[in-house]
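Structures given as structure tokens follow.
First chain A sits with chain B, and in the next complex the same chain sits with chain C.
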Partner chain A sequence: MKITQHATDTTLTLALNGELDASSSVLLDTELSKPEILRTQKVLIDCQQLNYISSAGLGVFISHLQTFQDANVKLVFFNMQEKVRNVFEILGLDSLMTIVPSEADATAV
Partner chain B sequence: MAVLRKPFSLLSVAVLLSWLALLAAALLYAHPGLGGVTISPPAGLILILQALFTAVVFLYERKLPERLRGVDFIGLLQRLLLGPALLAVASVGLHQLLLVVLPGMAGSVLHTIFYTLNVALFVGLLARTNYAWRALVLFRGSERLRRQWVAFEVLLGAILLLRLLPYAPPIGLSAAVLGVLAAFGAYLSGRQKWVAYLNRRQKMEAVLLQLAIIGVMSIFVAYFLYTKPAFRLVGPAPQNAFLLLNAFFAGFYALMGLLITLFNLPTAGVFEQKREEILSMQRLTQLIQRGQTTAEVYQMFFDSAIQTTSADAAWLHIEATDEEDHYDLYYQLPAHQGSTIRSTLAEFNLGNLEYFNNDLSGGSFGRLQLPFGSLMVMPLSSSKRQYGNIYLLQELTQAFDRESLSILQTFASQTVLSIENLQLIQASMRTQRVQDELKIASAVQDSLIPKNLPIDNWFEISSYAVAATEVGGDFYDFLHLPGRRLAVLIGDVSGKGVTAAFHVAQMKGIFHALMQENPLARNEREKYPVPSQFMTQANDALGRCLEKSAFITASLYIIDYEHGGFVFARAGHCHTLYYHSIKEEVSYFQTPGLGLGIIRHDGYEKHIKNQFYDYNPGDVMVIYTDGIVEARNAAQDEYGEERLQQMLENSYYLDADHIKAHILADLHEFTKGQPMHDDQTLLVIKFRSAQPEAGL
Partner chain C sequence: MQQAIRISCNRRNLKVVRDFVGESLAGQQLSEVLVNQLILAVDEVVANFIIHANAEDEKQFLDVRVTVLNHEFGFEIEDATPSTYSPGSYQEPDLREFVRVGKKGGVGMMLVNRIMDRVEYSTTGEHTICRLYKTLA
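This part shows the complex of A and B:
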């Protein structure tokens, strides 16, 4: 699992590369737990290279969902592969999180 | 009596008879005309009889069982000295005493009898000594040495036979033969391996015993020399060559043994010290195996080190770690002196090095004014950790050397090994305990899985559940409700291990608690919660105890087989696979629904829906956990919903057990050789047309 960061004044983009399982989700959790993240307006997750997400990986997003909402930070996923999107949908997370097709859509949110 | 026992009885009789014959011949020879017998035997007959007697005695002694018991060398020498030697000396002494007391005895019959008896005792002593030495020479000896000994015996026997010939060899030849034999005897006398097995006290005893044996031999030689000119009993030199040679060998061996033992006496202390070191090492090693505490191992090391180095004072200092306090042992050393030594060493960067100083009067140590002359320091360390140091002190200067340093080093490494072994044992015991507890957890969880599936003639149920680790996060359960209804719950707790297992138990508790009849219900429909209500209430209950990143997916089905319909809600769980017999079609129920524990405030009910469906006989419902559809093959592809759907399309017409078997066979084929990553649960429910009850 590799996480690449790209930050602008208002947006933080995290590109996930590889499989997000129990061990790699710790890395992601460290990134999302940084206090400065709550000062941005939007956190964009680029899922183009994300091949697999385990329940531990989903748990990381779930655990930060409430904090982001309270701090008025938008969490947006884009470029999601079909089978990963399926996992989000089965769990019903698509009704809580914003999942859009492209980066352009994501910046527009 | 050993003498009467076979196979020695014949030989012992022969000994007695040959001696009696010798006695008779000697009497007739020395006192012609005794008892009216006028025949005087020729001198050669006495020689033959004497040789015969000697041969028989040596054969007799040779056949006796092994004299040496284990390594009891002192016992062997004692038995030799206190037995035949003492008897022979007593007899010689008595003879000499009688000669003094009774002046007329010389030349009498009694004198001849005594003399012949003493010859017999001496021959017996020589034979006994000869074979005692054999036991010592051959102790731990090689096969070659054994053969050499046999050759020695044969040569001795040949000398004995030579005496029987009337031929008297020239002096030069007999001297050469005797010289060769004497050299052979001297060579064999060099075999003294047994001396190494004696401790200091035993060596002292051996010296005294060997001195005594040499003494006995000299008494006899003096006795024979003294009596020789007076009587016609002892013939020319070759006659007694055998006895003298044997006496020479016996005496020489004793002398060699004596000298070797004497030379060994100063080293006996070193041997014993080595022995003590080996014993300490053994005790140290045994302590590990008995699983003692580290404190005991340190104490053992401390005592052994003081003992083997003869230290006058000592200090063992083990440094403190995060878990343990520092640990110190003192022996006749005030703590402040120990710390000054330690800080002085640290000044010179010698804090944790092997070190010895045999003159503490000068330099930095001189300024400390210690009442000691020598110091030795040995660190206890392994690649993992620096444990501490042992400080040993002696009042003498020049007390320690490289040798003592290396012994101490061996002790120190053995100690560190013991300590680390102990830590390993303790760690493995902790792991064992955790594993035992996991086994208990596994057993408890196993008891939560329904053992008896609901049986009714309206449906068939078949189930399969395997956990990837000892305790799993998958669960399913059944509950019969009044009015021919059945509640079926399936679910999956995120994460694995004990935490997941705990939430499984909790979820089951919630299921059984919520599916109770509500006594305040106003109508039949409100008596039991519908699935969406159940999920909302479960979400509420779980929200208070699940950790932030954990969630649970679940589906609850309430099947009303009286009316042929069911209602279910899917809380983020895998979609239900269904075969519709009317349409002859397999599809997934696509219903929305959010997992439990994801949102923990009000408003969950907006994210969960009930789905109603009227089933037909022949319909098949397949419910499962993600461990089934996310199982991977060698290429890391997932099994997937589509392949599962195909399996049901191929097998919907079978009964529930066979549908399940068909799906599992394909799944196992797919994942062949791959480890199981997640728990797998699969339930197959097949609805049947109502079978009329028997007799109706």
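This part shows the complex of A and C:
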């Protein structure tokens, strides 16, 4: 798992590349746990190169979602592959989290 | 058709298991989404055995077997330790509550149970076997 960051004044974009499982999810958790992330308005997760996600990866997002909402930080996923989106859908997480098709859609949220 | 692999209890081997299951299912004319679901179900059970049952003790091993018979896909994960997991006590979690309290774990078996048709745990002597089944029309 490789995570590439791009930040503007209001938005932090994390591009995930690889497989997010019980072995690699700690890396993402570290990024999402940084205090400065709560000072941004929006965290965009670019999933184009995310080839796999297990419960450990989902758990990282689940565990930070309330903190983000309390801090008025929007968490938005985009460019998600169908097989990865399906994993969110199996649990109904697509109704608890914001998943949009493209970066333009994510920016507009 | 049956294929098998043995791994040590290191979470880095989760990728090895996923690749093994994916290769075992190659040629079965399954959709990418379905293959990913089956890989995910096995990955979740193996991760539980590695992390929770064996505390990532690399001296311990798991055997993973894939059997395809007609339209039934069977996966066996055998652990050479007695199980402390009791499927009878499993209750599907409330995800909204998980979000509210910021809980990290606890959705793995929810995925497994929603993906597979049958999930069976059995203990024979010192061995615990989890069997997962999916039948496709």
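The rule we apply is simple: the second predicted complex is superposed on the first by the 109 of 109 C-alpha atoms of A that agree within 3 Å, B and C clash if a C-alpha of one lies under 4 Å from a C-alpha of the other, contacts with A are read in each partner's own complex, and residues count from 1 in each chain.
Basically, a contact is a pair of C-beta atoms (placed from the backbone, for glycine too) under 8 Å apart; a residue touches a chain by one contact, two chains touch by 3 or more.
Being a predicted model, the structure only gives us computed values, none of them experimental.
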First (chain B), second (chain C), both or neither touched by A:I90: both
Contacts of A:L32 with chain B and chain C, given as first, second, both or neither: neither
A:I45 touches, of chain B and chain C: first, second, both or neither? neither
Partner chain in contact with A:V76 - chain B first, chain C second, else both or neither: neither
Greater residue coverage of chain A in the superposed arrangement, chain B or chain C: C
Partner chain in contact with A:G59 - chain B first, chain C second, else both or neither: both
Which superposed partner A:S23 touches (first chain B, second chain C, both, neither): second
Contact residues of chain A, present in both the chain B and the chain C interface: 22, 29, 55-56, 58-60, 62-63, 65-66, 83, 90-93, 96
Contact set on chain B toward chain A in their complex: 492, 494-495, 548-551, 553, 571-575, 592-595, 598-600, 607, 626, 638
Residues on chain C engaged by chain A in the complex (per definition of touch): 11-12, 14-15, 18, 32-33, 36-37, 39-40, 43-44, 47, 50-51, 95-96, 98-108, 110-111, 114-115
For the chain A and chain B complex, residues of the former touching the latter: 22, 29, 55-56, 58-60, 62-63, 65-66, 83, 90-93, 95-96
In the complex, chain A residues that touch chain C: 19, 21-23, 29, 52, 54-56, 58-60, 62-67, 82-84, 86-87, 90-93, 96
